[in-house]
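Think of it as A, B and C in the order they're written, each chain with its own count starting at 1.
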Amino acid sequence: MPQIKAEGFSFTYSGSKSPSVRDLDLAIERGEFVLLTGPSGCGKTTFCRCLNGLIPNFYPGHLEGRFEVCGMDIARAKTYELAKLVGHVFQNPENQLFSLSVEREVAFGPENLGLPREEIRERVEWAMELVGISDLRDRAPYELSGGQQQKVAIASVLAMRPEVLVLDEPTSFLDPKSAKSILETIAKLNEELGMTVILVEHRLDLASRLADRVLIMNEGRLVLDGEPRRIFGKAAHLLGVGLPKVTLLFQMLREDGLDVGIPITVEEASAILRGLLD
Amino acid sequence: MIEVEGLVFRYPNGFEALRGVDLRIGDGEFVAIMGENGAGKTTLVKHFNGLLKPTLGRVLIDGVDTRDASVAELARSVGLVFQNPDRQLFSETVREEVAFALRNFGFSEEIVSKRVERILGMLDLSEYADTSPFLLSGGERKRVALASVLVWDPKHVILDEPTIGQDYLQKERLRDFIMQINDQGKTVVIVTHDVEFVAEAKPRVVLMSKGEIVGDGRAEEVLSDRDLVDKASLIRPQISELADSLSDKGLPRGLIDAYSARSAILRLLRERHVPELP
Amino acid sequence: MSLSFLEGLRFARVDSPLHRADPRAKFAMALSFFASSLIFTNALALLALFALQIPIALMGRIARRWARSLRGGAFLAILIFLMNFLTGQGASFSIAMSLRFFCLLSSFSIFFLTTSPDDLGLALEQCKIPYAISFTFTTAVRLVPTMAMDAQEIIDAQRSRGLELERGKLLRRVRNYIPILVPLIVCAIRRSLEMAEALESRAFGASERRTSLTALRMGAGDFAIVALSIALLASSIYISRSLQMPSLEALDSLLSFKWGFAQPAALGRIPKA
């Protein structure tokens, strides 16, 4: 049974004339690392909101078709029921941190769930350790750097022990090194904990090597779905998606008649060229 | 000309954000100031229109010491476009928003309406002239903010992190626009950590780290220098890393973008009579 | 008038016995000083009450900040003195009122300087105040520095577009704040929407009975503080009722303010026994 399943799903926000997501047919299995991308306004954020119940509870509107997450129909589930299973990390680090200390912040979710104190303590330690922020425990979140803040956000979500982790452009406000660090943390969570990850990203150069699967949306529809190397070799660049530069390079070389594969990392590209030049 | 001499800046709380910066930007130059978050880039450019005054050293804008002029006076020739448009939008219509600065500077209503129409046209915002800026999408609001600064035709234009939150197509458009106004003779300074964006535009690159300039030169040289880029806590462009890994095979140094890499690789493969080439 | 006295109300992250004390005990203490200063109208008594807070501020290692908050309140204190004196209340009474203001300000200044908003929120919760209220409070505190930064960015952006906030007549200056206030409000609304989303995503409201990671426990020292606070209040009530207090009324005849007003006694004030 897929963990996330959509069948003919469409959603139109109240007050909007056209659907933000249309005719979505999709199945995502437990443990997959899915990279979701596409031009602005393509429906990525709407999709993310469906995953943890923000749609239709926080964002009312008209639904068609079916969307199930962890066995629950989103049209019927309450947000907090889904929030227990699907953790959501937002783009802006600042606006998802409420407490005056990192420790309290990470405890916030479990506190809301009414868990016993010892269990909260255990989860807080575990989450902070996993993400590598234990030494920041007494600091005020709003004093931290963007990268550190996002790590706190991730730990705070982890403390709820979700099955799925959804991250909507988490590296938008971060500089390249912080972005890399966050993405590595996410990859680790997927590998070590088997957590399903849905990552919305524009920075494909850093993120595409981590994903098992790439979904590209455009104007509300899912237009491409598959393994990164296969997808990037196709019409992806026509959709205004920022491909990794080495991928772009080899696409251009292919147009020049050199068909030797489509790399998505520098290492792959280097290996191909080295093979040719030897 | 923008001249920075021995600039030291200390915040009231004692933090020294700029520790002795010397920089000269000639009229009509295109410069990218790059570095990690917290390196002092934004602090530096805020000195260009007098928002911040030096603790030690001085900043001269076209020969005028910024300490001897008000922000409004300096702003006539230095247009600073901030990162977040939502921290400036306040008018009922886009037209009013864009006209704001012109009215502050005392232009006649005739000139105001002419200039506003012109800049709206240049940035594809004419259809939104009578719309409330708050109803526009993120990318559109960013263009309104840009229009509201360019409308008074400042000689020097400074853009603080213009690529954040933009998708690939929006960035392409932005880059084309920047190069257009630079061609028209304006000095353009962009503050960014988006290495790939800069790699394709190839401006002069000034690298900053911890309040000091650590590198200054042509993009091809600076961005392919691993040590310098590392010092500024940035990541090199993918193409640069690719070129490095194959330098022993004859791939030239200084390649930072896919287009020049394509030509270089094709040339190299032809020289070596590689069979895969048609 | 500077807003620096507000600085004196901000939590100072220092370690001291007072910082480690339970917020509820400290609140009792602040309340006790507050009430005591309302009981007395005698300048010397209020001075003594004020002086009593000095060692407390020293123990809390916030003496300098505390002094700063009082300095910020000096303007208001002088205003209070003048308002009383110029309406014929007499020098000693006017001084007393100013001193009372300082006592009131000081009592809560010490409280806020030594109590982290987090602990305060926790104290509110443990006093069975609905979570929604204590959460609103701690969130508001947490947002203050963020909004201050927003305001600064907005001011920078608008000044960069030629807005001059220092120039012009009064009406113009007030109007010039519209380009500052509108974005500030819009940002605040946007921010609160984003925070609401994030709250929902962290299962806010999932359980009727919310638990917490840490709990405040009143220790011996805290009970001692409460006991002393009660003692202070009780003493104040007793002293003001039954003891003859030396007064500064001699000052009144030296510095009486004649503005066509009669002497203070004739204004109906109860003469001291």
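We adopt the following convention: a contact is a pair of C-beta atoms (placed from the backbone, for glycine too) under 8 Å apart; a residue touches a chain by one contact, two chains touch by 3 or more.
As the structure is a prediction and not an experimental result, all values here were calculated from the model.
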item	value
Per Cα centroids, the chain farthest from subunit B	C
Contact-richer chain pair [B-C vs A-C]	A-C
Geometric centre distance via CA averages, subunit B-subunit A, whole Å	29
Chain centre separation (subunit A, subunit C; CA means) in Å	45
Residue numbers on subunit B that touch subunit C, as the complex places them	46, 49, 51, 70-72, 75-76, 79-80, 82, 84, 86-90, 100-101, 104-105, 134, 148-149, 152
Residues of subunit A defined as touching subunit B within the complex	39-41, 91, 145-147, 169, 172-178, 180, 202, 205, 240-242, 244-246, 248-249, 252-253, 256-260, 266-267, 269-270, 273-274, 276-277
Residues of subunit B defined as touching subunit A within the complex	36-38, 137-139, 164-171, 193, 195-196, 199, 233-235, 237-239, 241-242, 245-246, 249-251, 257-259, 261-262, 265-266, 268-269, 272, 274, 276-278
Contact footprint of subunit C on subunit A as seen in their complex	52-54, 57-58, 79-81, 83-84, 87-88, 90, 92, 94-96, 98-101, 103-104, 107-117, 120-121, 124, 142, 156-157, 160
Partner subunit B, residues of subunit C touching it in the complex	150, 153-154, 156-164, 178-179, 182-183, 186-187, 190
